[in-house]
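Listed next: structures, encoded as structure tokens.
Common to both upcoming complexes is chain A, partnered first by chain B, then by chain C.
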Partner chain A sequence: MVTIEIDGKSYQAQAGQKLIEVTEANGIDVPRFCYHKKLSIAASCRMCLVEVERAPKPMPACATPIMDGMKVFTRSTKALAAQKAVMEFLLINHPLDCPICDQGGECELQDIAVGYGNDTSNYQEAKRVVISKNLGPLIATEMTRCIHCTRCVRFSKEITGVPEMGDPGRGEHMKIGTYVEKNITSELSGNMIDICPVGALTSKPFRFSARAWEMQQHNTIAPHDSVGSNIAVHTRRNKVLRVVPRENEAINEVWISDRDRFSYEGLTANDRITSPMIKKDGTWKKVHWDTALAYAVDNLKQIDSKSVGALASPTATVEELFLLQKLMRGIGSNNIDHRLRQVDFSDQDQAPLFPYLGQAITDLENCEAALLIGSHLRKEQPILNHRLRKAGAKVAVFNPIDYEFNFPVAAKMVVAPNNWVSNLTGIAKALLGNGLIPTGMQKLLADSEVTEEQQAIAEALQTGEKRTVLLGNLATSHPQFATVRALAATIAKLSGARLGYLPEANNTTGAWLAGAVPHRKAGGEAVVEAGLDAYAMLSQNLKAYVLLGLEPELDSCTGSASCLEAADFVVSLTAYKTEAIENYADVILPISLFTETSGTYVNAEGLWQSFGGVVNPTGSTRPAWKVLRVLGNLFDIAEFDYVSSEQVRDEVQALVGDKKPSNTAGWQVPTCLENMASDGLQRITEMPIYSGDALVRRAEALQDTLDADVAGIHVNPTVAKQFNGSEQVQVNGASLPLVLDERVPDGCALIYAGQIAGTWHGNVEVS
Partner chain B sequence: MSTHTSKPNAATILSEESRLKIDTWIVKYPTDQKQSAVMGALTIVQKANGGWLTTELMDAVADYLDMPPISVYEVATFYSMYELEPVGEHKLCVCTNVSCMLRGSEEIVDHLNKKLGVNLGETTDDNKFTLKEVECLGACGGAPMMQIEDEYHENLTPEKVDNILEKLENQ
Partner chain C sequence: MNAIKNLFKSLFLLELIKGLRVTGRYLFDRKITVQYPDEKTPQSFRFRGRHAQRRYPNGEERCIACKLCEATCPAAAITIEVEQRDDGSRQTSRYEIDLTKCIFCGYCEESCPVDAIVETRVFEYCGENSNDLLMTKSDLLAFGDELEQQLNVDKLLDSPYR
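On to the complex of A and B.
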């Protein structure tokens, strides 16, 4: 600890801290542009000049380390004169076009110019003009306004890990940007909008829609990945206009993913449905809520409850999921599930309380070795990927596709899905001798060979002390998930690593806790006789279905709605009405979306985060928890009279109590470690980053990004030869453009979800 | 047929000769700091391409040195010896920085403008000369000065300039 004096007052601070950190911590204003606490120090704008005793010239507070006994003056004549002069220089080339600038009213340049600048300038000459380049659908550019602070450049290099922004040119000719016209590809790119202190980089979807002072800010939780990023929603006249991050060091720091930032556009999609409807004799009719609810209940009552299945989106709130399962169990059925992309449920009884990250989000940042199994982490969970990237750990990856990572990969294996088991076994075997072999695995591991690649992965994983093995989306949806999980657990155990799950959606964990699974009640207690899992429900024709926030034809790995079409009765609690829904549903109960309803999400580390509604429900939509409550009442199910979502949440929380998930125990020892047979072209399916749920699928700007450009059947050039140069390939009867993609292993085809009907796995018929 | 991630392939874009020359720069630096060879690489590639760099060539250099393309653009746009547009046979780089300006570089530039009929940054119609303004080339002692190819011409006067041009014309 050292003592320094600022403006006549003494402060204690950590040796080695920069002056600006001390002023910041003590609420002393020092103007700045280039300094940002999450970026490296550039000290290029000079706005933070302050007077330091015995220093001949003013010093930049952002780059000056403190020293014991240092005396600093932030408001002395000398400091003020320096700040005034810098401000004048910064404005030389600035167009001062605040009235037509989106940043106006929340602009650091405006604020600091008013606070520290002069009202006139000595500069009489011509100002320079910079022609802006198009950076894609998310970020609007007006580069004449740029003050060259280089925050965006450092962000691009240091945070996104894929340097795309730079400062080409020199002196007066320097132009911040990409040099070539290109769409920014980072999945965190929107943060550049926040860190740009001026109006050079602004939000394209939000452009020209409101002034900062006209909007209200409401705090809530992001509705897509399992991070639970803290966000603020800005609204005006009951309309969501934009989303920005809220700082939370333990979760998202100061960043959010583009998905969390721009998905709000889906709230006002054209196919939003705002009044209840029923289908009679093939035609849809708008009806009153009472009529629709009664119609739903009357028809469901006709059907044996064992033949009713409920499928829920894991993006629904804890409250909604809890009430849906309570409703189902109330009418006597355990057929409820949210695991739409899982095929293998054979070890579900041994699964932990919920798919737990196995550690805190911040722990990822400190790990020294990690093995990713089946995860395109960058696109699945951008913020978790950022933490892992920061760790600078030895990361090994085991994937079906040779994904590009934005950090160095220490060892990697790209393995066709049918060969996962033998290869994971090899990795486990390479770790033998390191520790106790879990019971039952001894014999299984005995007779496998270890390849060099497997050895390399095992070695990478044995770096340092803090190690973790993480299972991603492509592992969860693997047809041999139970075996994969067991092997991952074995690998974790043998390497002394923590096993962690990367739950797919914002409330996957909440769904488990709320009992939205066929084999466990809320709180995790096993049911006597498990109901059908999602895959079974969508492949065995049930008589009736209740859907919550889902489009199973897109959301489920069966890739089909044929069971729904064949059913006698389908109730869809949905925010959107599509042709497919019209086809199979009989009642549409329009529900409110994210921002329109209160609720709770539980993130990957098991943190419960509740939020209130931000805007009124659109049209006559109702929050799903209220709809479900009324359904429960109409079915006369006991104890269904909830008056608030908090009351529902408290009940779930009480049921969960202080139970904690254990990832170390509770996986099933496989009976054999055999690969799957495969003789044709194997399909690998990835859910594109901007297609994972109904809301984001309708976010227009995100759909225009390169990440959403996923059409086609991707095969490597060797495999492509079999198509003799044709541009289009018939896949399961549909025609898809052929895309050459070196990342795909031999014998496989990558087909992103949502393009063709049919299951995500196994062989595809091509011609 | 489209291709996912069309990364430029240095091996197909850069000639073998260029690559071998770049390798002589690469070995001068620690193995994990290949990108230190970027300036040498750009010079080699520019020369092989008739005096200027295309974006494709810069991307190929980036690929060859394992660096992000934007970092190569930054280097190529910072230093005045790299050309991003086609140039004439002879590139006349006139320094107009402080010392040269004080010693009459404006007069030299005016003279060249008239003589060649082009402004700074332009190339003559016969593609012989490109006139270029550069910053201090470290020859302030001989200001005003200009650089042509690898040679410095110092203490310039309009007459001296005429002589130089004449020699180049007759080459």
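On to the complex of A and C.
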């Protein structure tokens, strides 16, 4: 600890801190542009000049380390004169754009100019004009307004890890932008809008829609990945206009992903349905809620409850999922599931209480070695990826596709899905002898071979003390998930690593806790006779289905809705009406989206975060928990008289109590370690980052990004040869463009989800 | 003593006479009554009457939808919606002034960075229902076109004081 004096008062501070950190911590205002607490120090704007005793010239507070006994004056004549002079220089080339600038009203330059600027300028010469760049569909630019603080350049280098922004040129000729004109590809790019202190980088979808002072801010939780980023929604006249991050060091720091930021566009999509509808004799008509609910219940009552299945989207809230499972169990069916993209459920009874990250989100930042199994982490969970990137750990990856990472990869294996088991076995074998694992497993491992690549991964994983093994989406949807899980647990055990799951959706975790699984009730208590899992429900024809917030043809790994079409009766609680839903559903109960309802999400580390609605429900939509509550009443299910979502949440919370998940205990020794047989071209399916749920699929700007450009069947050039250079091929009866993609291993074809009907795995027929 | 003084005052109607003296003086003074509507009082170039939206000489509307007038209006009489025009410029898609709310303070004119919204010298207008007094963007622009010459002169007269 050192003592320094600022403006005549003494303050205690940590040695090595920068002056600006001390003033910030003590609420002393020092104007600044280029300094940002999450970025490196550039000291380029000189706005933070302060007077330091015995220093001949004013010093930049952001770059001056403190020293014991230092005396600083932030508002002395000398300091103020320096700050005013800098302000005058900054305004020389700055346009008088405030009235048409989207930053107006929340602009750091505006604010500081009011405090430190002059009424008139001495500068009469021509101002510099810079042509704006096209950075893609998310960020609008107005580069004449840029003050060259280089925050965006440092952000893209240090935070996104892809140095896309640069500052070529010097002095007057310096021009911020991408080196060659191109779209920004980072999945965190929207944060540049926040960090740009001026209106040079602003949000394109939001462009001109409102002024900062007209909007109300409401706090809520992001509804996409399992991080549960804290966000603030800005609304005007009951309409959501934009989403910005809220600072929470334990979760999202100050960042949010583009998916969380721009998905709000889907709230007002054209196919949003606003009143209940029923289908009679093939035609849809709008009806009152009473009629629709009664119609749904009357018809469901006529069907044997064992042939009713409920499928829920894991983006629904804890309350909704709990009420849905209570409804299903109340009518005597355990057929409820949210695990739409899982195929292998054989070890579900051993699964942990919920797919737990195995550690706190902040712990990822401290880990020293990590193994990613089946995860395109950058696009699946951008914020977790950022944490891991920050850790600078030795990261080994085991993936079906050679994904690009924005951190150095220490060891890498690209393995076709059918060979996963033998290769993971090899890695486990390489680690054998490091720790104790069940003898059954030891025996199974004993007669496997270890290749060099497997050895390299094993070695990378043995770096440092803090290690972790993470299972991603591609592992969860692997047809041999149970074996993969057992092997991952073995690898984790042998390497002393924590095993963690990267749950796919924002409330996958909450769905487990709320009992939206066929084999467990809320709180994790096992049921006597497990119901059908999602895959079974969507592949054996049930008589009736209840759907909550999902479009199975796009959301589930069966990739089709044929079972629903064949069913006698389908109730869809949905916010959108698509052709497919019209086809298979009999009743549509329109529900509110996340900004219109109160609820709770549980994130990957098991943190419960509740939020309230920020705008009124659209049209006559209703929050799903209310709809389900009334359905429960109409079925005369006992104890279904909830009056608030908090009441439901408290009940679930009480059922969960203080149970903690244990990832390491939750697996069984597989009977054998055999690869899947495969002869033809194997399909690998990835859910594109901007297609994961109904809301984000309708966010227009995100759909225009490069990440959403996923059409086609991707094969590597060797495989492509067998198609004799044809550009369009027939896959399972649909015509897809053939895309050459070096990342795909031999014998495989990558087809992004949502393009063709049919399951996500197995062989594809290509002609 | 006081009581006697008051009695004296009221007995001789002194207060009344005092008052009538003022009346008398005005009776013979120069008259200032204006025979409206035949005659009109002179107006300042800063007169704050009914609003108009102005255009540039090339016909382009001045207003850039900065919303400062909306924000500054103490009666919340102005409603603006913005849109990006095809050429990328920022324009209002809706600009309404509710004259039944407006208190004619002139703050909107004061705040406008491009002299788009102005309060004209016109104060004689009426409507048969309150909707008639909701000035839409096209009303305001048309009114501005009509009065542009006068507005130009008024702005010029005002400019030395700005």
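Some notes on this structure:
Here is the rule we go by: the second predicted complex is superposed on the first by the 766 of 767 C-alpha atoms of A that agree within 3 Å, B and C clash if a C-alpha of one lies under 4 Å from a C-alpha of the other, contacts with A are read in each partner's own complex, and residues count from 1 in each chain.
Convention: a residue touches a chain if its C-beta (ideal position, glycine included) is under 8 Å from a C-beta of that chain, and two chains touch if they have at least 3 such contacts.
Note that this is a predicted model, so its numbers are computed, not measured.
Model built by superposing both complexes on chain A: chain B and chain C fit together without a clash.
Of the two partner chains, chain C is the only one touched by A:Pro99; chain B is not. Taking Cα centres throughout, chain A sits at the apex of an angle toward chain B and chain C that amounts to 80 degrees, reported as a multiple of 10. By the touch criterion defined above, A:Leu740 lies against chain B but remains apart from chain C after alignment on the C-alpha atoms of chain A. More residues of chain A are in touch with B than with the other of chain B and chain C. Once chain A of one complex is fitted onto chain A of the other, the partner contacts of A:Lys57 are absent, as it touches neither chain B nor chain C.
In the superposition on chain A, A:Lys9 contacts neither chain B nor chain C. By the touch criterion defined above, A:Phe208 lies against chain C but remains apart from chain B after alignment on the C-alpha atoms of chain A.
Of the two partner chains placed by superposition, A:Lys443 touches none, neither chain B nor chain C. Closest approach of chain B to chain C, taken over C-alpha atoms in the A-based superposition, is 28 Å. Touching chain B in their complex are the following residues of chain A: 156, 162-171, 173, 178-180, 404, 712, 714, 720, 725, 727, 737-743. Residues 1-5, 55, 68-71, 73-74, 76-79, 135 of chain B are the ones that touch chain A when the two sit in their complex.
Residues 64-68, 70-71, 82-84, 90, 113-114 of chain C touch chain A in their complex. Listing the residues of chain A that touch chain C in their complex gives 98-100, 104, 207-211, 213-214.
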